[in-house]
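Presented sequentially are two complexes of chain A, the first with chain B as partner and the second with chain C.
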Partner chain A sequence: MNQWYLSHEILIQGTFISLLLALSIQVPLRAGVFSFAGIGSYAIGAYTAAILTIREQVAPVVAIGAGVLIAAAAGYLLALLVARLSGLYLGMATIAFSLFLGVLATNGGDLTGGATGLFGALSTLTTAHVITITVLVLVALAASERGSFGRRVDAVREDPQLAVSMGIDVNRVRRRVFVISGALGACAGGMNTLLRTTVSPETVGFHLVVTALTMIIVGGALSWAGAAIGAVIFTWLPSVLQFVGEWQLLVYGIVVAIAAVYVPNGLLGLLQEGWRRLRRRGRRLPAGGASVAAAPVAEDPEEKLAALGGPTAEARS
Partner chain B sequence: MLQIDDLHVRYATAEAVRGVSASATPGRITLVLGANGAGKSSTLRAAAGLVTPHAGRVTLEGRDVTGLAPHKIVRHGMVLVPEGRRVFAPLSVEENLVLGGYTATREKSAEVLAQVYEMFPILGQRRAGAAGLLSGGEQQMLAFGRALMSSPRVIMLDEPSMGLAPTMVESVLGAVRGMADAGIAVLLVEQNAEMGLEIADEVVAMARGEVVFSGPAEQARSNASVLLAFLGEAALVE
Partner chain C sequence: MTTSQDTAPTSPATGTTVLQTIDVAVHYGGIKAVDGIDLVLESGRILGILGPNGSGKSTLLGAVTRLVPLTRGRVLLDGEDYGRTPPARLAHRGIARTFQTVRLLPDLTVRENIQLGSDLKLPRAARWRELVRRAVPEPVTEAIERTGVGDVLDLFPGELSYGTARRVEIARALASRPRVLMLDEPTAGMNQPERLEVAGLLRRLRDEGLTQLLVEHDVQMMVDTCDRLLAMNQGRHVAEGAPADVVRDPTVQEAYLGKRWNRAADR
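Presenting the complex of A and B:
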């Protein structure tokens, strides 16, 4: 076990960091916001951690924390800026934000090390730290999917206009997910830089958009668990697929295409559906089970009418 | 009470509402009648803050709420039930209702939830089921219940009977009357003039963005020429 752990430590670290990155895209999606700002935040976190560690020799928690705060603030400002956008246009604007940060890194002179980037960001950050932080984040996100905030986020995704006419401040919910997304992305970027001791414009580039989106599409977009499934698969797939050599990318593409077309809710959706069916079969619901699965239109209108007689009579009196 | 004065709503190319005035008082139903495109929904949406009026005033219990953000208007005690029986389909019935009480305190919310279940027992029976699986009429009841969860003093209903079977329309309008009888000021938009007039206290008839008749419902019922001229024969044919 220990031997296995040592020889796979890089992949284990990569899994948790990719997971945080994927979550930075998944959290906005929960609120119906198609934003890639998390990728730009990854760059902010990565460079902030490198600069502070190399120049000021601060502790890793300070180096990463500073990046998280800066990216959260940037997320807030970006949310104000793109408040009127939605859908594809919002996605485009946030990709532009992320690419812009890449350009900034390349042209940042001594501060960012230009195209070659920064080296020698040595720190005491360990794999155990990364796992602990990620688990804490997961617990917080899992909690946020339940309860009042979770319901509000669901409402904003399902029907923003209806949500706002019920008293939910849709823009505030959106600003919040941008802030959380920024913090998550920066945390991933900062930790990755300190583990690898180096960062360059290439490592915070467009490929991260593809990586994160792939994980969410295949894993499932509506819960942290989907992002976790995706992160595990796409971090470990390359080592599993070594035997196909240069065909790896093709296999990738096929997997994503199949998932997007046939499994719109991701592997998590498949698992949940399977679990529901198992439970239903176990309970052996008479008739009711079938009608729950059927479309609402297929229900018997007569029965509904009869059932509604009660409330109205009461409402009138 | 709700007072709308000389409201104008302008979209990019057209003026949808031109100087509309209307009011809703506690315990009474003000019916807004008019054909498709008469500006009824735009009036409601502007009053609720979903679109910013170009001119005019919306006052709620003496407080000017014109152009306020929609979620703030809900906090001032007025809620809109938009057309099309919109519910959060994947959420359960109870989750939909609890979301409606988002602006209230937890204790208040629990209290009102019990009242809503009392008013609409069917919602209580289905509280754990997904809202999307309810029938059309049940979804409309859920939309009403959800609006009531914010303990509104003014409620605006945009075509609650649209697309429902005739018997169901009667149940839904019965529920509307019930809300008014509970002391809420109701502003009801209906295309079904015949049904709407049965429960209305006041009537505002609109055509092409303007008010063409405003007065007590009895007067509107007898004012055949107004109805005929602006709502078409269908409104009169029994």
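Presenting the complex of A and C:
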């Protein structure tokens, strides 16, 4: 076990960092906000951590924390800027934000090390720290998916106008989501830099958008658990797929295409649907059809018609 | 505004003006969806808005709930202009509404959908407690009981018949314990027994002091349920008054009803 851990430590670290990065896209998506600003925040976190560690030799918690704060603030400002955008346009605007930061990194002179980046960001950050932080984040996000918090975010995503009529300030939720996304992305970027001791424009580039989106699409976009499934699969798949050599990318593409077409809610959605069915069956069996009898009699013809594939009342009226 | 909305609606003074619109208009380019409507909603009464398809009833409801921006005119709640209040604040001030189409959240169970209605009044401590232990607040239980959807609480909206889904929507609106309830065609797509049931429910709520604004197609139901009717056609005010008088009004009949609705008034 210990031997296995040592030879896979890089992958284990990569899994948790990818997970945080994927979450920086998944959290906005859960509120119906199609934003890639988390990738730009990853760059902010990565460079802030590197610069502070190399120049000021600060502790990792300060180096990462500073990046998180800067990215959160940037997220808030970005949210104000793109307040009127939604859907694809919002996605494009936030990709532009991320690309813009890449350009800044390349042209940052001595501060960012230009195209070659920064080296020698040595710190005391360990895998245990990374895992602890990620678990804390997951606990917080899991809580935000439950109870009234979860219901209200669901409402903002599914039907913003309804959410407003339920007294939810949709714009405020959107602003918060940008801030959280920024913090998560920066946290992932900062930790990655300190573990690898180096950062360059290449490592914070557009490919991260693809990676994060792939994880969410295949894993499932509506819960942290989906992002976790995706992060595990796509961090470990390359080492599993070594035998196909240069065909790896093709296999990737096929996996994503199949997921997007046949399992739009991701692997997590598949699991949840299975669980729902099991529960439903469990509810019907012991009572011997009691749940059917409990339905108001007046509805029966409607239900029968619907069951036979007939038009719904909505379509007929 | 006091915090008296936290208790069940009572009727301190039936007949005082709760909500008022003055010369409200909503234009989309050249289309005058609503054009100069004055209405007065009195506490503990049901005001019905009658009119053919496309006459601007739903747009008027949108304007009153601030989901549709006003082109002109003023909207008053308790005599205070709320034309600049963010729409999300209105729910906190005791206005709840339903929509013309079913708008339940597909991934939440019926119970959770109804709870969404009461969430805005949930104290902070209760929100955190709910993360650990599932609790259903009393207004939710009450709304479930009143609308008779207790048998379908664990189902998802996609599994409901249309009539039941509409009742769940009414339950969700009631779960916020509103002072003013606005219903946009609550019985559309329901069968006759269900319609009567909903009409009865609305009357009972009125008798307990809940002020309502009702947009509906079913003229018989409007006559039986409302205290007052406002008839609209092409965004404009056509007639107003006691239900029986309004449906007998020649202009209204010409615009919408047809002569046979004399009978509805006579019943």
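Throughout what follows, the second predicted complex is superposed on the first by the 280 of 317 C-alpha atoms of A that agree within 3 Å, B and C clash if a C-alpha of one lies under 4 Å from a C-alpha of the other, contacts with A are read in each partner's own complex, and residues count from 1 in each chain.
To be clear about the criterion, contacts are C-beta pairs under 8 Å (C-beta built on N, C-alpha and C of every residue); 3 or more make two chains touch, one makes a residue touch a chain.
Because the structure is predicted, anything quoted here is derived from the model rather than measured.
In the superposition on chain A, no contact is made by A:Glu273 with either chain B or chain C. When both complexes are overlaid on chain A, the residue A:Glu56 reaches neither chain B nor chain C.
Looking at the shared chain after the overlay, A:Glu9 reaches neither chain B nor chain C. In the superposition on chain A, A:Ala143 makes contact with chain C only, not with chain B.
Of the two partner chains, both chain B and chain C are touched by A:Leu162.
By the touch criterion defined above, A:Glu202 lies against neither chain B nor chain C after alignment on the C-alpha atoms of chain A. Residue overlap on chain A between its contacts with chain B in one complex and with chain C in the other: 148, 151-152, 154-155, 158-159, 161-170, 296, 299, 312-314. By the touch criterion stated above, chain C contacts chain A in their complex at residues 65, 67, 86-92, 96-97, 99, 101-103, 105-108, 112, 115-117, 119-120, 122, 127, 130-131, 148, 151-152, 154, 156, 161-164, 176, 188-191, 193-194. The residues of chain B lying in touch with chain A in their complex are 48, 50, 69-71, 74-75, 79-80, 82, 86, 88-91, 95, 98-100, 102-103, 118-123, 125, 129, 132-135, 137-138, 141, 146-147, 150, 165, 167-168, 170-172, 174-175, 177-179. Every residue of chain A that touches chain B in the complex is listed here, in rising order: 148, 151-152, 154-155, 158-159, 161-170, 292, 296, 299, 301, 304-305, 307-316.
Only residues 143, 146-149, 151-152, 154-155, 158-159, 161-170, 222, 276, 283, 291, 294-296, 298-299, 302-303, 306, 312-314, 317 of chain A touch chain C when the two sit together in their complex.
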